[in-house]
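Quick one: the structure is below, and I'll ask about it shortly.
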């Protein structure tokens, strides 16, 4: 099973009007792989994710998941099949509590979402609440469980963003810049959590923080100008001249500016 | 504990409350209330629109009623007349709520009013069930004195049949042998044109075409082009209020007046819209049951009194209000102001007969509808202003009731 | 064939009348994102003010055409400064509701001032004749409305595309933060746009009054019609509003001609079809998500 | 007994005793309020819980009302027949219209619902032979259950009260159920819900159909109550006024629409007896609520309660105030 291809992207292209964002991108993802996706701004990373999740339809090419063509399958169905994403910008139910956010995910997972005439409370759904509380505890959010999400700090919201993705028990997890905008301590905390994800979970991760991504990934894909520039071992990529020129060099220059 | 105590007290309180006062339970279980209604006053509930599209009609009806009651000093015998006004708006359901208030809460002896036919139909069952004499002072839908006839409903205004029918035969003999019909698309417009059609074709005329623009239509140009190209000698139109202003104006602007005479119901060129139409209405022939220009002593006195009190000309609605007030007063006078028995009141109304500014009126005891003269009038230019002139009188027009 | 030609002239004149009435709403919505449900009420104020002016100035229509739109623009300015400005932080839905409440208030205020009788404004002397086209007489005023509509459309297009103000406005459409960065006082832009929107509403009121007349509840009828035009044209696009006005003019006029029973139905049917098939309107900007 | 349960029992008791306290007119007014409250509650499922602001809800009210009226006149005034037929008709109508409407959102949803409701209005207005045209249908027989005649306003009141309690209870179960929480999730962030694996379009359609169906029930009851129905109850102004009821009362709460319905009906009835300017008064009150109390009467009530209850510590107030305001019913 180790070498089984779970996700196959076959010559996917994407353009808006005259603007070409992705050009014939092909990629095979094996089960359990941790793939880091890097590339300069505008390289098409988030568009690539949007196509994988079904939020966007590609202009050309196909996507296969466990051998099945899912190019035209709606986004929510892909989620239910196990392809789950987190968002680059926090995209939470801001007016609801942390617990309610989490319960919405869990009730879907346990197929309780179509129950109409039974109030959702701790007495009637003990297992659901138990699982939610367990997750909240694991992520160190006990004190925040009944707070409204928008009252939380940015870092905490970011944490919940990832938590909501993981809570579904995905098979393929797409993380879009999980540590963007976080402090060093918060980043370390997240990285730690990501390290402890189940080993058979396939993870694709877009990340600007190269320390983070090289620490997590066992394979790197560099997107540049809508195409895959390099696809290989992290160490290989780290030392690649082209990458340093077009991506890392720029980033560092920007960071030091 | 406090809360339980409160609940117990609430129950006791409610029980005490229910023991006294006239609660709904008591008033629905009792049959007749007898003399508990009015003491020294006669209460008349007036249900007219004070807001919405028909507000100006309601206003004039009120003015007419008040003018008459002023003239008898708001007294019948030893009893004082009290009017309780409620705004029917343009919404039948709201009007029904208000009618219930007048009947159940204010305990009126007599109900009068309603401009909209839909409102009259809406409250019909309520007044019938509760035996409240209801004098309809405007709403003209045919069925009110036909299939929806009630022992307690009488109408002093008009029926759409009277309006449409009266011009049919006359138009065939004096206007033309072929006719195009244009009427606002609502029940009343349809009924009036139906009645006209019936009388006109019975006389031998031919209807070339019909068109029914929606109520409140703003641009008639398309319809007018169609009518212009139809082979008819004249056009029979039913429009009222702002529709009448626009239709008559646009009829003139698009040059239809030159080759097709415009005829219709009196509202096409009535007192309240003629001023806004400029000279567009000149030459129009219409039929109606009262006009400012009627030259009788009764009408002269009415106009003078009205103009003195309000400093403006009376409209046809003012006349309707005036007559309705007079009918109620005359009926109650024969009962010495005792309005407690609704059956006696309606009996008294059925016998009312007098010469109104619109000519002699009396009621048809079968249909409960007013028997009145219909006037064929022509709009002319007098001293730079449009004025109507009666050119023929059709006497004692009676609604067939079927 | 004459009748088709005549109906076409009717369509265009009715369509452009709609454009004159609606363009103010479209402008405000397009630039500020505020759906002004009091637009019909401003239109009504324009019509009533011009009525009062013509009555007191010996039927001087032109005087009304100069003063009434300005008066409405001032009303609109007051509304913006007193009611809307303090509430920009409340969000768009609240502002829509606010203007809806305002429409109720203005409804009763005009009824209190001008009464509930049906009124009308006579055609200006110089435009009261008729012209024969396609074997049918057309009022000169209707043709003048066509001209006014075309000029107004051209003017708005010119301002939006060719002037500095237009550039700011277009920038405001796409990115409010950017024009702040350009050093433009965004508050001022809002106020000016609302002023112009009010002016256009009042202008529409004066132009339409001799044709449509003045009567209670006229503003709600106008509002609904204006919303339909706005939706069909595509939100906030002047060109779209122009095309939509003409489309409605043509569809409604020919529907009245061919199947009069459906004329009430067809406008809303058209709106529903446009919303289902092309939710951004005939010429609306394509909104890309994410 | 908690505070909420206590208030509930007191309210229900007051309603049960109404016929013994109120005179006939006020009893009828309460009946009308309860019917319109059902209508407002139904719209609230869409507006308050799912976040879809509709300006065409009168369409379903009308469908139910006309269905009842025609059945009662032509076939039988049996209450269950008219009620369930109206419910079915409104569900079918809202399912068909809903399929198109739930595909768009925001302003477009508002306009599309308006378009559909105006089309239904013009159909009702035009089809004189079926619907009576502008005159409406009158003389509709009062409802019967078996041989029990509900023309007596007190019996009818209890019938409506029973239905109201059932519907209110049912809806509060629904909005707090996992299904209802999905609707709230859609209101808050539809994109996120999709990425959680929810077929949001289907849920929006379900909300649309629940709202439409109950709107039809309200229409049916209104027809039975007044023995009359006319096109003005299908016109967009009816949709507008029920929307105002929901917003003034407090959208997204259960009690809000009920209070809103009561407020508007009482205001319109009482105020218009004294002045013709009732529209202006409603307009001003509406503006005040939009600006100062966007959470409606419920929000205002909570604010007042908090400022009165001195037992709460200051910090608790400041911490909880916004909590309560923004999260009225969601947490309970």
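Letters A, B, C and D name the chains as they come in the text, with residue numbers starting at 1 for each one.
Here is the rule we use: a contact is a pair of C-beta atoms (placed from the backbone, for glycine too) under 8 Å apart; a residue touches a chain by one contact, two chains touch by 3 or more.
Chain-to-protein mapping (UniProt): C = ABC transporter permease.
Quantities reported herein were computed from a predicted structural model and do not represent experimental measurements.
K.L.:
Taking all protein C-alpha atoms shown, work out their mean, then name the chain whose own C-alpha mean is nearest to it.
P.N.:
D
K.L.:
Where's the contact count highest, between which chains?
P.N.:
Maximum number of inter-chain contact pairs occurs for B-D.
K.L.:
Comparing centres built from CA atoms, which chain ends up most distant from chain C (ABC transporter permease)?
P.N.:
A
K.L.:
Counting only Cα atoms for the centres, state how far chain A is from chain D in Å.
P.N.:
41
K.L.:
Just the number, please: Cα centre separation of chain B and chain C (ABC transporter permease) in whole Å.
P.N.:
Taking the average C-alpha coordinate of chain B and of chain C (ABC transporter permease), the gap between them is 36 Å.
K.L.:
Roughly how far is chain A from chain B, centre to centre by C-alpha average, rounded to an integer in Å?
P.N.:
Result: the chain centres lie 72 Å from each other.
K.L.:
Residues touching two or more other chains, restricted to chain D: which are they?
P.N.:
Answer for chain D, listing residues that touch two or more other chains: 122, 125-126, 276, 279.
K.L.:
If you look at chain B, which of its residues touch at least two other chains?
P.N.:
If we look for residues of chain B contacting two or more partner chains, we find 51, 55, 185, 214.
K.L.:
Pull out every residue in chain A that's touching 2 or more other chains.
P.N.:
Only 55 qualify.
K.L.:
Flag every residue of chain D that touches chain B in the complex, lowest number first.
P.N.:
1, 6, 9-10, 13-14, 17-29, 32, 122, 125-126, 128, 132-136, 138-139, 151-154, 157, 222, 226-228, 230, 232-233, 268-269, 272-273, 276, 278-279
K.L.:
Would you tell me which residues of chain C (ABC transporter permease) are touching chain B in their complex?
P.N.:
Within the complex, chain C (ABC transporter permease) touches chain B at residues 2-3, 6-7, 10-11, 13-14, 17, 108, 111, 115-120, 122-123, 130, 136-139, 141-142, 211-218, 221, 252-254, 256-257, 260-261, 263-264.
K.L.:
Which bits of chain D are touching chain C (ABC transporter permease) when the two form their complex?
P.N.:
It comes out as residues 53, 100, 103-104, 107-108, 111-112, 114-116, 118-119, 122-123, 125-126, 236-237, 240, 247, 276-277, 279-280, 282-284, 286-287, 290-291, 294.
K.L.:
Using the touch definition up top, name the residues of chain C (ABC transporter permease) that touch chain D in the complex.
P.N.:
Within the complex, chain C (ABC transporter permease) contacts chain D at residues 35, 83, 86-87, 90, 93-94, 97-98, 100-105, 107-109, 111-112, 220, 224, 227-228, 231, 235, 261, 264-265, 268-269, 271-272, 275-276, 279.
K.L.:
Please output the residues of chain B touching chain C (ABC transporter permease) within their complex, sorted ascending.
P.N.:
Its residues touching chain C (ABC transporter permease) are 51-53, 55-56, 59, 185, 211-214, 216, 218-219, 221-223, 225-226, 228-229, 241-242, 244-246, 249-250, 253-255, 272-273, 276-278.
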